[in-house]
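Going by the order they are written in, the chains are A, B, C, D and E; count residues from 1 in each one.
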């Protein structure tokens, strides 16, 4: 299994290409099988992952453009491991969730397979250019998914999504090129190898600028206020599966980027930018939560809630200590599962009624009790109830950030309040009260396909909420490694003070 | 009386001439064949052209580097060789467009193919010399052939385009001559290396005249490369020419233009004339940005591609302005990658060539024509989409690498702001490329239409061309390294 | 002993899951039986544990498994049964058992019967986690868990708009407080490096008081929410929208006392920061009074009891704040008994009255439901603090503490409140059970509750009567872990007078309630009803209105504004504006490409000229 | 003598070329062009470039003007042409740029540092001198120029040829099979 | 004494006259005349410089420029003839089907 990462990346793409040969009837089974296999491979990966080890594992390194230092360099650590597993898992769920009568089923499924390739690629690429390739490439299938299977304003939404993120990441590309140049100046060799880059200790003003460049790329993806406006459109218009993938995985690419690139490469800049980033994050948390509360379309509401949660993730990351970063990664995973599930749930009623307006519903709890139950669980996970998956990450993120700033944590912590306000409000409008529309009385409860997608998510939400250790432990180790790199590299006094010193020898048992 | 001078044949270094001679001979052969037997099928001429181009290419590969020939008129340095290689290969691929399944007026002329070869020879002379006279003559040979070939399409629009092109070309020729005159007056020479030498010796005095000469040269080549504000012919010429020729115009003449611009302006910049650098900076920014903005509002794919080519040329001009070895090798990397993608894009337009006013009264390739193409002809749509997102610079497809390399060279040379402008322009550009993708993939087809319209002009050769273009575009990641080796080698050899 | 611990803890969960399986099915009495018996099992286990500890057994402490481990943070699922928690467990499971059994009768006609038991058992589980956890985060699990169950149960009749509204209000109010609690937990973690009670409390002595003060404040903010202290009290009255057993269990006996429990649990901490303690006591006293005033005029039987709960919680906080933790706990326990009893009695009344809550429509009901009347009177007497009922002992102790610690104002307030308490509780009793049978005017046909429901209530009644006599044993038991409260010497001299005074005012209150003419005509005369104070109290000090105007409505408006104006019109419009700008620029300038050859040529010349000018300028300046 | 000749020629050339660019009549314009060309050859003679002078006369008056003349006949454009739009902006632009450029070009550009690469020989005729350089150094450009002329010829023939008469307009499809 | 500069100024003047003609003429034939003027003016300067330096290169250049001018005439006229055949005029303003 030396090339398991390559297999993991390219298996769906190759299967996707072959999928063109398959008859339309069989394509659904085919796609489900492929994604399940892919998920199994990722489980094997998890199984083979040596969590006692700190560094990068499963490394593959083939030079592609040696003159320019671009290589096919893959690797995995605890941080990316679960994002990969999440990716394969959510893609599988997403594919299962697609209703039978979707138009152009084959195209949709195969596009999703290609998308999976790019997403896995983003999380395992350790070469900046390779990362960038997957990063950008992921836009294309998503563009198609939103644009082809979306709602009324799908074209506007898809183009906006594409151009916005594209523009941001191009600035990031400049950052990468500058970084490579600085590396070249320092060593005389061109390289985009991230691990090599980690060795560079840059002057603070360089760090600040480069941090800014990377920040734009990542922040748009996250999406941070005020770069978030593409997201409501994208979600509002995307088909259910598109929203699921978008919320569950694509957004994580931004925050992952922060952890993988911004923090270890620019520790001092990270420290320097804590306050501005935190302020933006707090605005994200509160502002978008309030905007979410004002929504009439339940899908938009969930979309805005995603932004709000990502604000918490950002706070966790910029805590710059293991608690916060581990928490933010866990929150990424939990948000992936929960928001994915919420979008699936919204999809359920959309499929039945072809509207997402909350005013069209009401009293669904009596018509679709099981649906209401699962929705309720997911909602509670979303507002971060302990023993659900949402709490662990949120708590850790805030704990971490509390070390940085008390006041800002309190402000950011209002997430637990404002989140409850809009979520419970939405739940009340949709599920409680009398059944206002007669036609809603006939709505059927969940069917087998929907159970198949939602039950695993529900179980995960509870299991990982009760016992997050299998995930937290490897993540925590890798995060500690990152933090210790940051501490070592920090130049300024402030940096050294803010980033805790981790004794890694304790971690190797 | 003058003494007799004897020159040993070896000193003439005749091999430097062989490639061009082959092309010229090819043109003559075609003319002669036509004399003997009229109305032969175009396929003969196409194959003959390809044959001669192949031989030409072989001869170019055979050239020894860094030599001068024929009383120093010929200059075979790395840049000359590599540009010839690029031009010949591109020409060979574009001439394959003539294998269309529809019949076109121009292909009934054997002269078309002869002119094509003469044009190639003209461009070859243009790049393989640093003598302003030979450059001028080569340039005019090529340009005059090109005008004629455009006209042979025999449409109102192509006449109009040719006249516009020709008139502006004549004016540009005037500027070229004027510039050369000033250089000559300043230095008593028309050979670039000598010009720089003398200028340097004179300490650039009088500076203003050096600048005047440079400006006139800039106008002349600004026209040739279609940089703002000398670009105005571009869109009209693309629209007026057949897609086959438009694709050619978007690639090959520009290579020749780049070479000359590199020779002249790099020399001047390297000598330390900052002003040229500033002006080029401004022109580059204007060209990239304005062309992009105009491309945004186009309704016709070909016309949009015209503006996009202008913008891409602006990108490459940026590299010329930067002028480091990395940037210079990036020029060719970029242009090779661009050539293949553009080849594919124009091939798609060519394949779908079917004049039908029901889409648009003026345009042959309005965006609406491609609406819903993915339903009618999925493979074609995927290919076109591929070329479009490649042009937009989505990795890992070909142009991305060129962009990365050029932006990197900008960064390395300290032009961070320029790099940012470059990427922002890429972002703007993405919009209009996407517009086509959106039409093809996301819109519903116009009712009552089938996919045959997209294959109206297809033939096996064209499909092969498409295949080659697509292959190169997709697999470029594996070619970047060799091409880079190759371009860097030649660039380093010629000292740029 | 671990077995008992786990049984006590997980039996309710098992019951909840069992009932949950049938959640959407029609009523099934088995779910009620199973859950009730499992709760009873839990009670028995708790009893075993209690006995074990009472007999001087070791404190039971288990670490079940790891929960959150990240960075230096390590939080296990750890449970501890010590004297405090076992007391709580006993109270909780006892009341729960009663309520479960009672509910089988109360909910017998409800569609959501199974669901109800599932929620109810889940609540018990959460409450058990809350009291048994050995660390702050575990407590927080329970804390939020009971919040969730409270939300579910308040909104149990989800088709009622008011119920769901109240549920959400309760949840959100609690969340506000929870944020404070979380901040407190963060502070604890970063200052002590752990969240385990023992590790934290072993370090408090060496820690800076400022930090401790902050921790104390933030933790207390959490407690304020759960225990509905001013200004986060409004939800509790609204929470009465839930089924009455829920009110009995959650909003009287157990959940709302969690705040008090927290203060008691963190006594090591609060002992070191008397200022905060004093603040807590003051707030408690204020709430005691404040809630009692609202109870005076309310016409909703459950709301009156809810306000009285609030008021009693205030008492507990006074005790807790002044350092008399064991007394707080004692009052907590006794209060649990008589308040649950009171609620269940009210439930009977409601049941009889087809869920009518307005006491004005009742009256003279002792004739049809005598047993209930007796039970209610017992509970009311306990509440009023009349000897020998349980409330007398615990409440009196609190007054003593207030007096003893020289906080005479607090004492005064509490003393007045004691009178008010007596008055309103008997006002209810009188209006419901005595006087004119007004219900007949409204066409109700009340009937006595099921026998087994009354039997189920009986343990509470018994305890409400006798619990006070175990004060001494209780004191001995809980001070095993809680600090003693040392009364000063002087207090022994005045204690008698104090009791006298207090009982006096209580009796006066009762007397006024019973013998005044007011209730005969509908309690308060119309003149009185138009009085400002009456309206002020009737409107709950206008606080819900203020909240509505100051927070809720502006929040909605601001949200809409942010969305419609800021997000769409500014943030998004900026982005689109850039695109539009580019596009418009393109449209505006595409005229440059006029297609006219002369124009094209002129552009070239213009460019040429411009370059010339630039060249001249450059040369001129560079010389 | 030289001065007189120069100014005479200069003024005459300027005058005729001004007529070329301003006259409304093609015939006048063309005649003025022809005379200007001839006058330029006068300057060439003045500058000791006899060969070029001759070439100028032959090529321009002999060939170019003749071509134009034929073309003029073909176009039937002996009548006045309407020249509109003498806008102020164009006038200003051209005047300004002309003055600017002319002023710039008054700056002496020559230098003593420059040495002739292909010096003239005093003892031989200009034609011989030119021939010598043309057929050694500039042989290649010369040959390329030949190709260029061939291209021009081919182009001219093709464009004027009969086949081009098949009018396709813009909307018609190309010759179908 | 006539200096080199006099010739160059003359040439420049003529060049600008030609340029002026190019931008104002709407009759294409006359426009082409103007381009001829531009090229010819350069020839004067080239020959003058050549004479000044006593260097033959300038004359060579002028020679080639003459050749180029002649070729351009051929092609240009060909284009005009085609246009005229179709449209019956050679007015520049009739070239207007493409814009924007």
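In this text, a contact is a pair of C-beta atoms (placed from the backbone, for glycine too) under 8 Å apart; a residue touches a chain by one contact, two chains touch by 3 or more.
Since this is a predicted model, take the numbers as computed values, not measurements.
S.K.: Which chains, if any, touch chain A and chain E both?
M.R.: A chain counts here if it touches both chain A and chain E, which gives B, C.
S.K.: Measuring between Cα centroids, which chain is at the maximum distance from chain C?
M.R.: If we average the C-alpha coordinates per chain, D ends up farthest from chain C.
S.K.: By Cα centroids, which chain is closest to the centre of the whole protein?
M.R.: Central chain is A.
S.K.: For the interfaces C-D and D-E, which has the higher count of C-beta pairs in contact?
M.R.: D-E
S.K.: Taking each chain's centre as the mean of its CA atoms, how far is chain B from chain C in angstrom?
M.R.: Taking the mean C-alpha position of each chain, the two centres sit 78 Å apart.
S.K.: Quick one: chain A and chain D, Cα centre-to-centre, how many Å?
M.R.: 69
S.K.: Give, as an integer number of Å, the spacing between the C-alpha centres of chain B and chain A.
M.R.: The separation of the two C-alpha centroids amounts to 44 Å.
S.K.: Return the distance between the CA-based centres of chain C and chain E, expressed in whole Å.
M.R.: 96
S.K.: Can you tell me which residues of chain A touch two or more of the remaining chains?
M.R.: Residues 163 of chain A each touch two or more of the other chains.
S.K.: If I count partner chains per residue in chain E, which residues reach a count of at least 2?
M.R.: 4, 8, 11, 15, 18-19, 22-26, 32, 49, 53, 55, 57, 60, 64, 67-68, 71-72, 75, 78-80, 82, 86, 95, 97-100
S.K.: Multi-chain contacts only, two chains or more: what residues does chain D have there?
M.R.: 85, 90, 93-94, 97, 101, 104-105, 107-110, 114-117, 129, 137-138, 141, 145, 148, 151-152, 155, 158-159, 164, 167, 170
S.K.: For each chain, which other chains does it touch, given as pairs?
M.R.: Per the contact definition above, the touching pairs are A-B, A-C, B-C, B-D, B-E, C-D, C-E, D-E.
S.K.: Residues of chain A touching chain B in their complex?
M.R.: Those residues of chain A that touch chain B are 64-68, 70, 129, 132-133, 136-137, 139-140, 143-144, 147-148, 154-155, 158-159, 162-163, 166-167, 170-171, 173-174, 177-178, 180-181, 184.
S.K.: Provide the residue numbers of chain C that touch chain D in the complex, in ascending order.
M.R.: 598, 602, 605-606, 608-609, 612-613, 616
S.K.: Would you pull the chain C residues touching chain A in the complex into a rising list?
M.R.: 23-24, 65-73, 137, 140-141, 143-145, 148, 151, 155, 158-159, 161, 164-165, 167-168, 171-172, 175-176, 178-179, 182-183, 185-187, 189-190, 555-556, 558-560, 562-564, 566-567, 571-572, 574-575, 579
S.K.: Provide the residue numbers of chain E that touch chain C in the complex, in ascending order.
M.R.: 19, 22-26, 92-93, 95-100
S.K.: Which residues of chain A touch chain C in the complex?
M.R.: 160, 163-164, 225-226, 228-230, 232, 287, 290-291, 293-295, 321-324, 326-327, 330, 363, 365-366, 369-370, 373, 380, 383, 385-387, 391-392, 395-396, 398-400, 402-403, 406, 409-410, 413-414, 416-417, 420-421, 424-425, 428, 431-434, 466-469, 472-473, 475-476, 479-480
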